[in-house]
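What follows is a pair of complexes built around subunit A, which joins subunit B in one and subunit C in the other.
The block that comes next holds the complex of A and B.
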């Protein structure tokens, strides 16, 4: 998994490590925030779905009643009043107002219906007969349209929320499965590179100090040998047996130096 | 004595109408119709009475298509009667169509006022209200032209004369124009049956009664429907026909009525109307808006009661002889039948069987 995500093209420096760490922290905060937003939206979404269900059922009932009241009108009037009503209607009595509602940063349009009182363009239709049925039918249809407006506002919110929830979820998933692992990978990579650098540095230091030690040891040995030589020369006349001992000792020191070299 | 020579001219028409009357749906037919599950069943049940006219309907027709076909049958039968009638009977039948003409003209005036293409409206006109010069109305493009050169040529010209100017057509609500015309028409019709020598016998009696009822019904309806609108009392009063059981005292009281109680008080002099108002319990105006169909508990509205009364009167017309009034009665019965069938099929189509019995059957 983490291998597929890869890492970001950065130079493994301490500065970029710091950058990455703050980026990871930011990503985690963003993730939790977005997750919460998505949950809030989903909650709202479910509520709207439920209300749409209710509204649709209500619409079915109301439209049926309305259609039936129209049947009543045609019974009472005994003719077609459609044309008269169409022609005499000049002003809208039933109006719709749109507002916006903010649900965790998403603007949902809301339609609100209201009736303009006093506007009644076809009040006189069916004056001779059926007028009351016509007015009653109008009231029934006004209620039906109210339900439709409610439904329309819910449906619009439904669509917008659906879109927004998809986007938010995509972001949440991207952060969770791409950005965070990649940043972690990068941090790991930088860490390993830095460790490598540390080890190289340590080796170099060790090597330098070893070299210094060897040089010191060589210098010491030289001084020691010179001193021994001087002592030997001093005692050459006096002690003849000591001479053969000095030569193997010097060879031994050299051997030791050789060994040290191999170990380093 | 008055029947001695009636059959010379009017006998055939009367005979035909009595035959038509027998094809009206009876209570038995209606109870069969209410049992139907689909519109197709309704169509099947109507088969014997309507025969060919329903044959061209597609399976499961809409209720309006069904009603249209039924109206077609009424129209063709009526046209046959018109073709067979002569003299005063022909004139009487012509009067019957004036009511539809008023509706048609009102439709065309509406179209002209709103500058629509009135030719399209010709299809919407009621075929019974068709007259030769009706298409000419479409030529007029503005109201003044319509009034000055076209309406004069229509049979309705006398009804415009004296009560409506072309300014009225422009300014008044079309419903007021329509009801003014209708008022003039009713008065003219009433005058016609009262004064025509051929109708001195049963026709005068029957038609006077029916037309008086019609006039009263219109007056009451206009009053009830005008509550809460911008129609003033003076204007309202002008729309009341100037005859009928309520005229003049009742009309005066109606014109002053401000609510349903006032109307009930105004009509209380006539026992029939009083009983109607008692039956619906004055709940017409306010309570009606609440529930759908609302109003009285037994499901009958004032309008239903009026229709019922009209149907009873039309039914009794057939007990009289030697009169063209049977044609009027038959037409009213037939129209009610079409409304009934439309209502029943609407109830079936919309699956609202609980109020399916809300029709009016008198046979």
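The block that comes next holds the complex of A and C.
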């Protein structure tokens, strides 16, 4: 596997070895941090999923109750109020506002419902009859919508978390299976190259010193030979020098040197 | 990543549903009609005669074009008719919520979000 990820294109120098080592350390730290983040998010995610499941079931019940109260209204009013309601809707009374919640660096929005005061589009609805039922129906539906809003924020959080967890897991896996092995490979490569260079250098030095020794030995031998030769020459010179000295002496015998008087 | 700007203006709920659901939700006070010449409602009543293309268009309008909608409520049996669009819509905003209607019981198996939940847990 380590062969498949390859290594980074660097020159095998000590500097890049240091760089790679610090990179490996950083990758390991990042990996453990991201892994922890992913775990925290997953925990949150499971909790949200469970709550969504619950809320969806609750929603079914709540909507059923609300539909029943609407049926009561149409019975009490004795006709369809749908058209009238649709036409008189002008301004939203029931609104939502988004808040942020921070879960390990991920911002999850949370909807919060609130009613805008002073807005009432349905002041005249049910004026003739069934006003009480309509009032009750409105309350029931308002509660139902609150449940829906809660569910909507859970669902939004679910979608965002899903996305974020995917991204984080992708990063964790990339670091674990690509970046760390590749950096380790690079370090191994640089080390082997450096060792190789060391061996080469050692061999070269050995060669150089061997050659030096040989040169020295040759030089020594030469000097020795020269010295010997010089000595021999000197010796020969001494002999030679002694000979010419004898000759002048011999000449001197004939020449200027006064002989001692020969006394008979 | 969802930044604050993408949802701070989103205040409204929208609804695509049958007449009863829409009436009830409007009674709760979610109805809103924008002011001006091109007045837009944030609700669509769907009956047996409504074309699927019309539902589709309203869905696109509420999810893509309008930036003031935080939650889109849609009846499940109507979501069934435009199932493809609902399933492919994956953005966090607006949150698309499938709700039961009076005549059609809620079936958790069909819900696009619950389907994802089930898939994640490998059921």
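The working rule: the second predicted complex is superposed on the first by the 198 of 264 C-alpha atoms of A that agree within 3 Å, B and C clash if a C-alpha of one lies under 4 Å from a C-alpha of the other, contacts with A are read in each partner's own complex, and residues count from 1 in each chain.
As a convention for this text, contacts are C-beta pairs under 8 Å (C-beta built on N, C-alpha and C of every residue); 3 or more make two chains touch, one makes a residue touch a chain.
All values derive from a computational prediction rather than experimental measurement.
Among subunit B and subunit C, the chain that touches a larger number of residues in subunit A is C.
In the superposition on chain A, A:85 makes contact with subunit C only, not with subunit B.
In the overlay built on the shared chain, the residue A:72 is in contact with subunit B alone; subunit C does not reach it.
When the two complexes are overlaid on their common chain A, residue A:129 makes contact with subunit B while staying clear of subunit C.
In the overlay built on the shared chain, the residue A:97 is in contact with subunit C alone; subunit B does not reach it.
Applying the stated contact rule after C-alpha superposition, one finds that A:115 touches subunit C and leaves subunit B untouched. By the touch criterion stated above, A:156 is placed in contact with subunit C alone, subunit B being left untouched.
When the two structures are aligned on the shared chain, A:64 is found in touch with subunit B and with subunit C. Once the two complexes are overlaid on chain A, the subunit A residues touched by subunit B in the first and by subunit C in the second are 64, 67, 71, 80, 125.
Taken in their complex, subunit B has these residues touching subunit A: 63, 103, 106-107, 110-111, 113-114, 116, 121, 124, 126, 173-176, 178-179, 182, 217-218, 221-222, 224-226, 228-231, 239, 284-285, 288-289, 292-294, 301, 303, 335, 339, 342-343, 346-347, 350, 352. On subunit A, the positions that touch subunit C within their shared complex are 49, 52-53, 56-57, 59-60, 63-64, 66-67, 70-71, 80-82, 85-86, 89-98, 100, 107, 109, 111, 115, 119, 121-122, 125, 134, 137-138, 141-142, 144-145, 148-149, 151-153, 155-156, 158-160, 162-163. Of all the residues in subunit C, the ones that touch subunit A in their complex are 1-4, 7-8, 10-13, 19-33, 41-43, 45, 70-71, 73, 90-93, 95, 97, 99-102, 105-106, 108, 111, 113-114, 116-117, 120-121.
Taken together, the subunit A residues at the contact with subunit B in this complex read 64-65, 67-69, 71-72, 74-76, 78-80, 83-84, 87-88, 120, 123-133, 135-136, 139-140.
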